[in-house]
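One chain, chain A, appears in both complexes that follow, with chain B as partner in the first and chain C in the second.
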Partner chain A sequence: MARLRGREAAPRRTAAQLSRGRAWWALLFIGPAGLGLAVFYLWPIIRGIYLSFQDVGPFGGETFVGIDNFIEVFAEPDLGRALLNTLLYAAICLIGIPVAMIVAVLINTKGLKGRGLFRVLFFLPVVTMPVAVALVWRLLLNVDYGVLNLSLRAIGLPGVAWLSTPVVNMVVIAIVGIWMGLGTQIIIFTAGLQGIPDTLIEAAELDGAGPVRRFVSVIVPLLSPTTFLLSVLSVIASMQVFDLIFLMIDPNNPAQSQSQSLVSLFYAKGFLQHDLGAAAAIACVLLAIILVLSAIQFRLQRRWVHYE
Partner chain B sequence: MSESTSVMTRERAPVAVREPAPVTTPRRARRAPGKPLTWVYALLILGSAVMVFPFIWEVLTSLKTLSGASSVPPQILPDPFTTRAYTKVFDTLPFWNLLGNSILLTVIRTLGQVLLCTMAGYGFARFHFRGKNVLFIGFLAVLMVPGQLFLLPQYEIIRELGLLGTIPGIALPGLFSVFGTFLLRQFFQTLPMELEEAARLDGANEWQIFWRVMLPLAKPGIIALTLLTALWSWNDFLWPLVVSGSVTSMPLSVGLSLLTDLRLRDDALLMAGALLSSLPMIVVFLVLQRQFIQGIAFTGTKG
Partner chain C sequence: MQSRALRSGAVALGAAMVAALALAGCSSGGGQDGPTTLNYTIWDQNQEPALREAADEFENQNPNVDVEITVIPSKDYWTKIQTQMSAGTGPDVFWVNGPNFQLYASNGQLAPLDDTGIEAGDYPESLIDLYTYDGSLFGAPKDFDTIGVYYNKALFDAAGLEYPAAGWTWADFQNAAQKISDPANGVYGTAAAPYGQMTYYNTILQAGGEIISEDGTTSGYDTPEAAEGVQFWADLIENGSSPTLQQITDTWPGDTFSSGKMGMFLDGSWAAGTYSSAEAIADVIGVAPLPIGPSGENTSVVHGLANAASAKSENLEMAKKLAVFLSGEEAAGIQAKTATVIPAFNGTQQAWVDALTAIDAQIFLDAVETGAPLPISKNTTAWVPVEEDYIKQILSGQIDTETGLKDLAGEMNDLLAEE
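Right, the complex of A and B next:
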C-alpha cells in the first residue's frame, strides 16, 4: 500500500516542492543536535570571550573592564609559572609519540604470538579512570615508602621527592600522562601501519635493509601523516592537563603553588575564588596558545610530513 | 654505493640479532628463525610490565592493612591478607549511590549523544541546503577550542536552569558532541547513494530510509561512538566536580577524589576505591576489546 502511494505521489511533486520537503527533513535530523551544540558550545565561546572583558560580581553583576582581567592574570607570577609548567608538560608528552610508534611496530611484527594480549595490556591504562591512575602513581612515587624510591635506595641511590620538587614533578606527571595515553597512540599507529603496502617493506628487505634500516627509512616516513595527527592532538590535549595535577599534587604539597597548570589556575580562579572574569581570561589565553601551537605545527608539517 | 656501505655498517652492529650473511645474497633477507623475534618479545614483555605493574601494585596494596600499605621495606604480598580496605570504602563513601550516578550519567549521555550525533551526522552527510557548509565549519571550529572556555558559560546555563547539583544538569551538555557528529558524518558519506534511491522508490520516507536502511550500515561507526562516549563519560572529572556539589548527584570519579581529603591517609583504602571505581569500565573493555580498539582506530583515520 505504502509502496503504491509513493509511486503515484512522486511524479506529481515538482523539484522545488521536493527539495522543500527535504529541507524540513534536514531540519528534523540536524535541528536537535544543532540547537544543543549552538547553546552549549557555540554560544559559550562568544560568552566566554565576552566574560574575559568583564568584571563579574559575586552575585552576577557585570561591568566592562577592557583588558583588566588579562593585565591582572599576566601580572600574577602564578600565570607565568603555570604557563611554563603546561608547556613543559606538553613538550614531554610528545616523547610518547615515538615510543608509541616503536611499540606499534613491535606489536605488528610478522609471526608474533600473543599480539592481542600485548595490545590489551598496553591499552589498559586508557580505560582506567584518570583519578584512579593519579592515586596509584601517587603511591608508587611516594617519597618515603613508594616503590620507586625504595628500589632506588635498595641499589644505593638516594630517593627523590618526585612530587614535591617543582619542575621534577611536572616531568614525572607528564610521564604518567604518556603512560596513560600510550595505548590510544599505539592503536592509531597500528591503523597507519596497516596502510603501508607490504610490497614496499619487502622491496626494502630485498635491497638488504635490516629491521632498523627498514624502520628508519621506510616506516617512519610513511607513518609521518599519523605522527603529525597525533602530535597535533597530543599538544591540544596536554595543554589542557588538569586531573592528574589536581590529584597528584594535593594542597599539603609544599610545591603546590608552583605546580599549577593553566587549567588548574583556571579552576582556582573560577570556582574557588569566584573570579569569573579572570578565569575566562585564562581560558582565552589557553585558546590563543593552542591555536598558535597548532598553526606552527601545520606550518612545519611541510618540512617533515610525506603525503603520498 | 654509499647506500650499500651504510647498510653494511648498520648490519654490523646487532650481530647477535641477525645472521651475518653478506648483502650480496638476495635471499638472505628472510629472517633468521626466532632470533629477531626474541628481541621483539623481550622489549614487549618489558613494556607490558611497565604498563601492568601499577595495576598489580594497586590490587596488592588494596589487600593490605593500614600500616602494611606504607611499610618500609615494602610488603610485596599482603601480610596479613585483609579486605578491610574494601569494607572501609563502603563505610566512608556512599559507594552504591555514586556507582548509580555514574551508571545513570553514562547511560543518559551515551544514548543521547549517539542518537543526536547519528541524526545530525546523517543530516550533514545526506542533505543539501543553503548555509550547510558554513554551519558545519562553525561547529568544527569548536573542536579546536579548549573545553574550559565552554565550562563557565555552560555552568551559568545550568545554574539558570536550576539544574546545579542534579543528574540532568551534569548530563545536559554531554548530550551533544561535535566530534561525534563529525565521526558519523564521515561514515554516512561513504555509503552508496543508490541504496537511498532504491528505498525511496519503494516508498520509504526520509525517516524510514534513515532508520531502516542507513542506520544498520553505519553500525561500526555507531558502536565506536557508543564506546568512546561511555568511556569519556565514566572518566569525566572536571565538569561533574564543578556542577555536582554534593554526593547526591556525584559520579564515582569525583567521589573517589574525596578519599584524598581524609585526614588520615590510608593507601589501602585509596587503592581499593580506585580499583572499584575503574573496574566496571575495565570489565566492559575486556569484554568488548575488539570494538574498543576498532573505535579508537576510527578516530585516528576518520577524525
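Right, the complex of A and C next:
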C-alpha cells in the first residue's frame, strides 16, 4: 500500500498456468470485492457517462440529446467559479501533507512521552462524523459568538465573517478539511517511517548530521514514495469536496453562490434543479480533470520520487 | 481429486452467495396477506406526535392497515422525495407545498382525490385553488399559515415604546426597530431574514407590487413597488436595525429572538408554539399583524400544506383514503390542540387559537382575509434559488437594489418562458 510498485511485482502467471481449482478459489475471494467495485464504482461511471448524453425528466424518462448537456454546462456562468474554488481547495489541502509528515516524525520520536495520546488526538477527527465536525467548526467560526472572533476582538482586532466572505470561506473550509484528514496521512507516514532502516539514520548520525539534517536529507527522500501516494490520493479526494461545503455554507449565506465546488454544482443541477443530464455532464468533466491531474502527477514523480 | 473437491466447494459457496443476494433483492416485494403498510412522509418533527395520534385513529377505523410515519428534515425533503419517486420507492402519502405541487401534479406523480368524497367547501377557497391542477384536486389541504410580527414586550418597555397594534405602519416598525437596536450589546430591532415568505414577499405586496404576475408567467421584480419592498429590508440592515446577512447566516435570527435579544421578528403562524414556549421570552412575547405599507394594506403571504397520495402507491385507494383522513375534521381537531399549525378544515381553527394562551393568535386567522397567496408557477423551484441569490446580494450590499432587481427580473422571465 505504501509503495506504488505494482509494475515491478512478482512475475506474472496467466490464469491457465494456475491450476483450475485454485483459479476458482481466487475468483471466490476476489468476487465480493470485485462485485462491490462493479456495482458501486464501475456501473455508476458507465451510467453517468450514458446519462450525460440524455435529457432526463424530473421523475425519469430519458431522451438522447447528443452533447447538449455539455454545451449547457460549459455555458453555465457558475462553472468557472466552481472550478477555481475546487482547485483552490485541492491546492490548499496539499499543504496538509508536509504537516502530516512533520507530525508523524515528531510523534514517532523514540522516548517521546504520551505518544499514544498524541496519536489518538490526531486521529480523532478522522473517526468523527463530518456533520459533527462541521457543526463544531461553525460554532468556533461564528461571526458574533465564535471563539476565534472573540479572541481577535479581545486583542483589539476586528472579527472576520469567516464563512460568508468569498475565498476566505474556501480557505477556512480547506483548513478544516486538512484537519479532518491529517490522522489518516499521519498513519500512512508512520508506516513509511517504519520502512526506513535504522542503519541509514545511524550512519547519518555518525557522519555528524543533526536532527534537522537527518530529516531533510534522509527521511524526506526516503519517504517520497509515501508522499507521492498521499498527494495523488489527496488531489483525487479534494477535487470531490462536497460535504464540508454543504454543511458549512447555508442556503441563506450571502456568499453561497460564490462558494460552490464542482460537486456542489453537480448536486444543485441534479437534485435541486432536477436536471440529471447536466449533472452527469459535470461529473464527466470532473472525472476528466481528475484523470489529467493524476496523469500529470505520475509524470512529475520521476523528478522527485526515490524508490530506494 | 483435490482440486475437484475444492472447485465444487467454491461453486457451492458462490451459488449460496448469489442465492442470498437474490433473496435480499426479493424480500422488499412483500406478500398479499397480512396488514397493508402505508408510509406517510413529513418534514416537521414537531408535528409528528399529533399526526401519529391521527394515524392511530385511522388504523383503528381500518384494522388491516399499518401507517408508518417518516420524518425527513425539510432541508433534504424534496431532494429525497424526488429521488425516491424516480426510483419507485416513494411514500404512499406525503406533504406537498405550493412551490413543489405543480411539478409533481403535472408529471403524474400524484393521485387525483376527486372521487374520495372530499368536500371543497370544508376548506379555505385559496387552498383548494392552490392544490387544483387541470381541474382536479391533487392535495387535501392540511393546514395554512400567515405571517405576523412576534415582539418582545420587555425590549419595547425598555425603549419607551408602545406595543405594536393593528393599524400600525411601516414608519412605526422602522422607528421601533431603530430605537430598540443596540448592536454593541447584541440587541437588534428586527432581522432581514432572506426568505421571501417571511420578509420581502410581504413588503413587496404591501408596497403595491407583485412577485410574479397572477397567471404565473412574468416576473414582478422590475417595478418600483418591488424595489420599495426590498429596499425596506436593505435600509434596516444599513442603519443597524437588523444584523447583517453574515451574522444572520451564522446565527438564525429566530434563535436571537428566542433568547430575548431581538425586538421584533416576522415569522409564520407555524412558529407560534415554539416562540411562546421559549423560556427566555415566554412571559414577554406578543404578536401583532404586519404593519401597513405604502399601498395602505398590510398584506401577508398565505400558504398551506396538503396531504397528497402518490400515484405510484401499491395501495392507491387506501393511500387516497389516508390522505383525505389526515386532512379531515378528526385529524384537524387533534392537530389544533397541539398548537403547531393552523388546521385547514373549516371550523377547527378556533381550537388552535385557544391552545396558544400566551399570545393573541387570532391575528394569524385575521390575516387570511387581507392576505395574498404565496407566489408560485409551474416550476417554482427553478427560479426561487435565482431570486434568493439576487436578494442576498442586494441585502449584503454587493449590488444596488435597482440593478439587482432588473437583472433578477430578466433571469426570472427567461426561466418562466421555459416552463
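Methods note: the second predicted complex is superposed on the first by the 266 of 308 C-alpha atoms of A that agree within 3 Å, B and C clash if a C-alpha of one lies under 4 Å from a C-alpha of the other, contacts with A are read in each partner's own complex, and residues count from 1 in each chain.
Please note the rule applied: a residue touches a chain if its C-beta (ideal position, glycine included) is under 8 Å from a C-beta of that chain, and two chains touch if they have at least 3 such contacts.
Keep in mind it's a predicted model, so treat the numbers as computed, not measured.
Novice: With both complexes overlaid on chain A, does A:F271 touch chain B (first), chain C (second), both or neither?
Specialist: A:F271: touches chain B and chain C.
Novice: According to the stated criteria, A:T226 is in contact with first (chain B), second (chain C), both, or neither; which is it?
Specialist: first
Novice: In the superposed arrangement, does A:A161 touch chain B (first), chain C (second), both or neither?
Specialist: second
Novice: Which partner does A:L83 contact after superposing on A: first (chain B), second (chain C), both, neither?
Specialist: After superposition on chain A, A:L83 lies in contact with neither partner.
Novice: What is the contact status of A:I178 with respect to chain B (first) and chain C (second): first, second, both, or neither?
Specialist: neither
Novice: Of the partners chain B and chain C, which touch A:S257 in the superposed model: first, second, both, neither?
Specialist: second
Novice: With both structures superposed, pick whichever of chain B and chain C touches the larger number of chain A residues.
Specialist: Of the two chains, more chain A residues are contacted by B.
Novice: Examine A:D144 and indicate which partner it touches, taking first as chain B and second as chain C; both and neither are also allowed.
Specialist: So A:D144 meets both chain B and chain C here.
Novice: With both complexes superposed on chain A, which partner does A:R22 reach: first (chain B), second (chain C), both or neither?
Specialist: The answer is both, since A:R22 touches chain B and chain C.
Novice: Please report the chain A residues shared by its interface with chain B and its interface with chain C.
Specialist: Of chain A, residues 22, 25, 28, 32, 142, 144-145, 250, 271 contact chain B in one complex and chain C in the other.
Novice: If you look only at chain A, which of its residues touch chain C in the complex?
Specialist: 19-22, 24-25, 27-28, 31-32, 57-60, 138, 141-146, 161, 163-165, 250-254, 256-257, 268, 271-274
Novice: Chain A touches which residues of chain B in the complex?
Specialist: That would be residues 4, 7, 10-11, 14, 17-18, 23, 26, 28-29, 31, 36-37, 40-41, 43-44, 47-48, 50-52, 54-55, 57-58, 61, 70-74, 116-117, 119-120, 122-124, 127-129, 132, 135, 138-139, 142, 144-154, 156-157, 172-173, 175-176, 178, 181, 200-204, 206-207, 210, 231, 234-235, 237-238, 242, 252-254, 256-257, 259-260, 267, 270-271, 273-275, 277-278, 281-282, 284-286, 289, 292-293, 296-297, 299-301 of chain B.
Novice: In the complex formed with chain A, which residues of chain C make contact?
Specialist: Against chain A, chain C makes touches at 2-4, 6-7, 10-11, 13-14, 17, 75, 79, 82-83, 85-86, 103, 107, 109, 186, 193-195, 243-251, 381-382, 385, 388-389, 392-393, 395-396, 398.
Novice: Flag every residue of chain A that touches chain B in the complex, lowest number first.
Specialist: 2-7, 22-23, 25-26, 28-30, 32-34, 36-37, 39-45, 47-49, 51, 103, 106-107, 109, 111-112, 116, 118-133, 135-137, 139-140, 142, 144-145, 147, 150, 154, 179, 182-184, 187-188, 190-192, 205-213, 226, 229-230, 236, 239-240, 242-243, 246-247, 250, 263, 266-267, 270-271, 276, 279-280, 282-284, 286-287, 290-291, 294
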